[in-house]
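In what follows, subunit A forms one complex with subunit B and a second complex with subunit C.
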Partner chain A sequence: MNKNELLNLYKNHIIEVRHTTYGETYIEVDKNDLYEIVTEVVSMLNGTLMTMVCVDELKYSQKGVIADKKNRYKIYYAFRIPGGVKHDEISKELLVIVTGVSEDEPEIYSITDICLAANWYEREIFDMFGIYPQNHLDLTGLVHHHNFPKSVFPMRKDFIASTQIDAVNKIETDHKVQGGGTYLLPVGPIHAGIIEPGHFRFSCFGEHIINLDAQLFYTHKGLEKISEGMGVLNANFISERVCGVCSLSHSVAYSQAVEKINMVEVPERARAIRVILLELERISGHLTDLMGIAVDVAYYHASNYISRLREDVMSAAYEVLRSRYFRSINMPGGLRRDIGGDSIKKLLNAALKIKKEIAVAEDMLYNSTTFLERVETTGRLFTKTARAIGVVGVGARGSNIHCDARKAFSYETYGKLDFNEILHDKLDVYARMSVRFGEIKESAGIIEQSAASLKAGPVSVKIDRAAPFKPAFGITEAPKGEHTHFIIFDDESKIYRYHIRSASYANWLALTFAVKGDIVPDFPVINKSFNLCYCSCDK
Partner chain B sequence: MLSMIKNIIMNGSATEKKACAKNFMETAYAPLLRLDEKKCAACRDKKCVKLCPTGAIYVSGEKGAAVKADHLKCIECRMCEDNCQSGAVSFADFGIGTAEFKALSDKLEKEIKGVFSRSLHIRQLDVGSCNGCDHEMISVCNPVFDISRFGIDFVASPRHADCLLVTGPVSWNLKESLIRTIEATPDPKIIVAMGACASSGAPFGKSYASFGGVDKVSPVDVFIPGCPPHPYAIIEGLLRAVRMIGKK
Partner chain C sequence: MNNEILIISIVQTLILIAISPLISGVIKKVKAVCQFRQGPPILQPYYDLFKYLKKDSVVSSTASWLFLAAPYVMVAAFSLAAFLIPSLSYKYSFSSMADIILIIYLFALARFFLTLSAMDTASAFGGMASSREMMVCSISEPSIILCFMSIAITQKSTNLSNIMSSAANVQNAMFTAENLFVLFALFLIVIAETGRVPFDNPATHLELTMIHEGMILEYSGKYLAMVQLASYIKQAALFTLIINIFFPYYMMSGFTAGALAVSASAFLIKIIIFSVTVGVFESSISKSRLFQVPDLIGISFVLALTSIITNIVKS
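Showing the complex of A and B:
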């Protein structure tokens, strides 16, 4: 079955179909038909859930029509389905199912049983909008912790962002693990070392982990809420600060969504330079992870070597962009300023140097038996599990799944470039490490190609106003995986709804599966191998 | 093992090859954002004020008054620098000259030895940052900047720490943890707010989920501006912190 056959089959149930020029299809269905159509999309179209977004349309006044109470909330279920020109496993397109939820009866039917990836999204929507998912498997607080008042829903339009919230005096539910030789090991939220905060409860049997319960969203600072009402340019600075190491990927994802809404064609030179910088960011990000893996198994010789390589990329970036994290260069519509030929050469040389010197690091890691002992068969994530929970990025590719937004959605100039998607079938930390080594070399190749074919020309088009009430997704492949930004502007070109789904958000659940059966000391290295970041997940 | 030794000999020392800013160190707050008030033409459209996303550049008082800068709020977006016609705004540049850094590092080493008898132990505390600052802290430990040569070390527990290096605008979920970590740190202690959001809350501001700066929750001794601060700015900030504890 393909998309058109599905649309034909269900044409009596579908309220509205909207095709867009940028390859996103929106179909609006009734709340009661949703479960059936999602089942069809997952089973017959082989769709995977990319993200779920809820929009409160309380102040949605397009052409003077205020949304009725019956459809106050709209929930967008975005699925990747096989598509594109080749129609193979690699190219994807977006199918977005939209359903309305009324104000009086804020309930939806949970799709978690057919699509496990929806687990977190439904919990987040419950926390932020108070829309209750019926039949959900585990509806504990995700964003809000035990001391957050239960009747406050921050993403509703009638909630004012600056409201002060007082903690309620509620005792945390006691987690227990029962049986001889078992015990509960709580860790965090403040960890030992330079790491971000998160609370973990390991249920252990001896040294082995039998279950991991992660309480995240400690660094939740309401980015989506505070960006509402911001202009096109100012929200770009928020998008750069979703995550430090993926600043540029987030910014490009945001820019793509804005460019889609305004149907703006970004100049060729700007797109090529974006690719060069994105790939440099990938090299820097992957080197950070490889360094982390080496640190977590106490192999400091290798970690110091890799961190020196990483410093080369960052200082090259600083020299050219005056920012070590690729910030303040990208904006919706292109680049803020052109980067000259000499600067491009500097960036290219940095990449080529890494390509050459990474062989030494590979040699250090692959030829150390004590190191391999720690990473081989550690933290295995089976292909079936990974597919079910919708893992993205290196986590997916290390579990032998095609998932690379550069290939799937071929944004910027990636469609014209020649590079390989690195897959590995060992499923463990070693596999994810090998994928990273492979990708660093591929990235250097991409930079070489882009720099060689760079043509002179303008680097930006002006975007002053944004088309109102038109949703669009921006998707990029960051070092951590696929980032998805969803934006709607209001009629004053201010942000009406901004949703950020980072790669870490999609991958956190994978960690709880991957650590099962491994020992507690292996947890940090498994965590690092997925490159899970707390801030972009918590938002 | 042999290849490891070979690597060590071949690569030599990476430390301190790169340079530090001129005029950057040794100023009261080490401002990153610099506004030359003599150069400022006090133009009518005041693009720098309008375009600043965090209000780091503002007009104080009545109409036609001079533009002022609050470098703690600056997130280094450089919109002001790009749009100023008279070139009155500039940013600290870490690309030139080595003598300054050498002087700074000697001074830092000496003072740390004097105050702490050779050590300053830091506990990092993330209370909602974007992890840019945390990654710069990791950079500070790398072979190029190598902060441990000054006797500065990152420790695992606040009970071992002399200094808390706090990043992030203090999120609602972490306020309790921040207060308890500060309580767990023995006196005399220094609390350093690192980065724009820890120093002033910018650009996240005050909202239902964020308190808008570490100083809103607990007293802060030293602010390190930048988004994220350059590793040299961190080292400079720690020098100020060390002097502070000398007085305490």
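Showing the complex of A and C:
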């Protein structure tokens, strides 16, 4: 079955179909038909849930765009649909199912039993909008912890961002394991090292992990809320600050969504430079992860060597951009300024140097038996599990799943470039490490190709207005995986709804599956192999 | 004669305790060089100890007297061990009073108190680290006993003075097959006992992987200084055991200032060479998986056993 057959089959249930020029199809269905259609999409079209976005249309209604109390909330279910019928074929388009939820009866039917990936999204929507997912598998607070009042829903339009919220006195409940020899090991949110806050509850039997509960979202920044009402260019600053190490990827994802809404063609030179910078960001990110894996097994000899390589990339970035984290260069419509030939050469040289010296790091890691002994068979994430929970990025590719937004959506100039998607079938920390090594080399190749074909020309088109009430997704493949930004502007070109789904948000659940059966002291290295980000979830 | 023994014993104990933090400093520096880093100054462990002394101690409200007593017990036990182990001279030493078994169980006493104190605060990491420590020591203890059994068979004594003097009096006495087995077995045990890679990682910040660091996580201020000093002395004592049993060269034979200076500098050079070896060894490998630790100590156990069998077959 393909998409059109599905649309035909369900044409009596579908309220509206809207095709766009940028590969996104929006299908509006009734709340009661949603479950059935999602089942079809997942089972017949092999769709994978990429993200779920809830939009409160309260102000829409006041301005008379949709004066409908029955459809106050809109929930967007975005599915990645493979090009062919098989799972492995690269997805080419986005199928977005939209359903309305009424103000009086804020409930939806949970799809977690057919699509496990919806777990976090539905919980977040419940916390933020108060839309109750019936029949959800595990409805504990996600964004809101036990001490957050149950009747406050911050993302609703009638909630003022500056409202002070008092903590409530409530006892925390958690999953318990019982039996002789089992115990609960709480870790965090304050750790011995300088890392972000996360509270982990390990249910253990001796050193073996039976279950892991991760409580995150300790430092919620409210980016989505404060960006509402911001102009096109101002929100770009927000997007650059979603996460420290993926600044550029987030910014490009945001820019893409804005460019899609306005149907703007970004100049060729800007797109090529974006690709060069994105790939350098990828090299830097992957080197950080490789370094982290080596540190966590106390193989400092290699980790410091890799750390030095990463510093070379960041220094080159600083020299050219005056920002070690690739900030303040990208904007909707292109680049904020052009980068001269000399600068491009510097970046290219940095990439070529890495390509040469990464062999030494590979030699250090692949030829150390004590190191390999730690990473092999550790933290296996099985392909079936990974697919069910919608894992993206290196986590997916290490579990032998095709998932690379550069190939799938061929944004910027990726469609014209020659590079391979690195897959690995070992499923463990070793696999994810190998994928990273492979991608660093591919990235250097991409930078070479882009720099060679770079032509002079303008680097930006002006965007100061945006088409009103038109949703679009911006998708980039960051070092951590696929970032998905969803934007709707209002009729004054101010942001109406901005939703950020970072790669780590999609991957955190994978960690809790990957550690099962492994031992407690191996947790840090498994965690590092996914390199999950806390702050991009606290959006 | 008794006065001389007392003076030299006290002098060599003080020297051993005084240089014990230096050993950690040297190892850290060697590791830093292997990791392409500049690293902290060699004297950093001393600065740290003085810094801890100046800080306040925070003690968990659930902790009992045991938590505060453990650092004293540890420093006392290791200092006594340092007093009994001849570092400069086996001739002028009280080690004739005590044999190797006593020293091994002085270490065990300190460890017993440390593991109890780690569990005393009811911190999750303390209990976890204690259980791991006990797992490691329950297999390293038989191994270390076997090592010394083998040495005792060769040198016909379990007394350190006798072992060292008989080793020193015969040219290259320790470089026989059975003793080299023991040397390697003991080296592994010393690495395990001092909580170094591949058994434990002294530089880690990851609570979940900790063994020794996990046990001392709750200590602060002067108690932390004492616990740290205790582990420095333990490390120095263990290193001294190895170098003086296997390389008892230039040890003090006469009661003169010159002999003292020669033996002290020889000791210093030997222990620094040994520390550099440990540092390089540690840098060249990564930490092993927790359940692989018994296998590693098993290697040491088998080596010690082989050595004993070789000894028996030879005699």
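Quick note on the criterion: the second predicted complex is superposed on the first by the 523 of 539 C-alpha atoms of A that agree within 3 Å, B and C clash if a C-alpha of one lies under 4 Å from a C-alpha of the other, contacts with A are read in each partner's own complex, and residues count from 1 in each chain.
Note that in this section contacts are C-beta pairs under 8 Å (C-beta built on N, C-alpha and C of every residue); 3 or more make two chains touch, one makes a residue touch a chain.
All figures in this text were calculated on a predicted structure; none of them were measured in a lab.
Within the superposed three-chain model, A:296 lies in touch with subunit C and out of touch with subunit B [touch as defined at top].
Once chain A of one complex is fitted onto chain A of the other, the partner contacts of A:207 are limited to subunit C, with no touch recorded for subunit B. When the two complexes are superposed, the chain touching more residues of subunit A, out of subunit B and subunit C, is B. In the superposition on chain A, A:305 makes contact with both subunit B and subunit C.
Look at A:139: by the touch rule set out above, it reaches neither subunit B nor subunit C. Looking at the shared chain after the overlay, A:192 reaches both subunit B and subunit C. Residue contacts after overlaying the shared chain place A:522 against subunit C, while subunit B stays out of touching range.
By the touch criterion defined above, A:373 reaches subunit C but does not reach subunit B. Judged by the touch definition given at the top, the superposed model places A:467 against neither subunit B nor subunit C.
Counting contacts by the rule stated earlier, residues 192-194, 301, 304-305, 308 of subunit A appear in both its interface with subunit B and its interface with subunit C. Against subunit B, in their complex, subunit A makes its touches with residues 145, 148, 152, 154, 159, 161-165, 189-190, 192-197, 217-223, 225-226, 233-234, 237-238, 241-245, 247, 288, 301, 304-305, 307-308, 310-311, 314-315, 318-319, 322-325, 327-328, 336-337, 360, 363-364, 367, 533-536, 538. Put simply, subunit C touches subunit A in their complex at residues 31, 34-37, 124, 128, 197-198, 201, 203-209, 217, 283-292.
The touching residues of subunit B, counted against subunit A in their complex, run 3-4, 7-8, 11, 14, 18, 51, 53, 75-79, 82, 91, 93-95, 124-139, 141-144, 154, 156-158, 168-169, 171-174, 177, 181, 197, 203-210, 227-228, 230. Contacts from subunit A toward subunit C in the complex involve residues 185-187, 191-194, 207, 294, 296-301, 303-305, 308, 368, 370-371, 373-374, 519-524.
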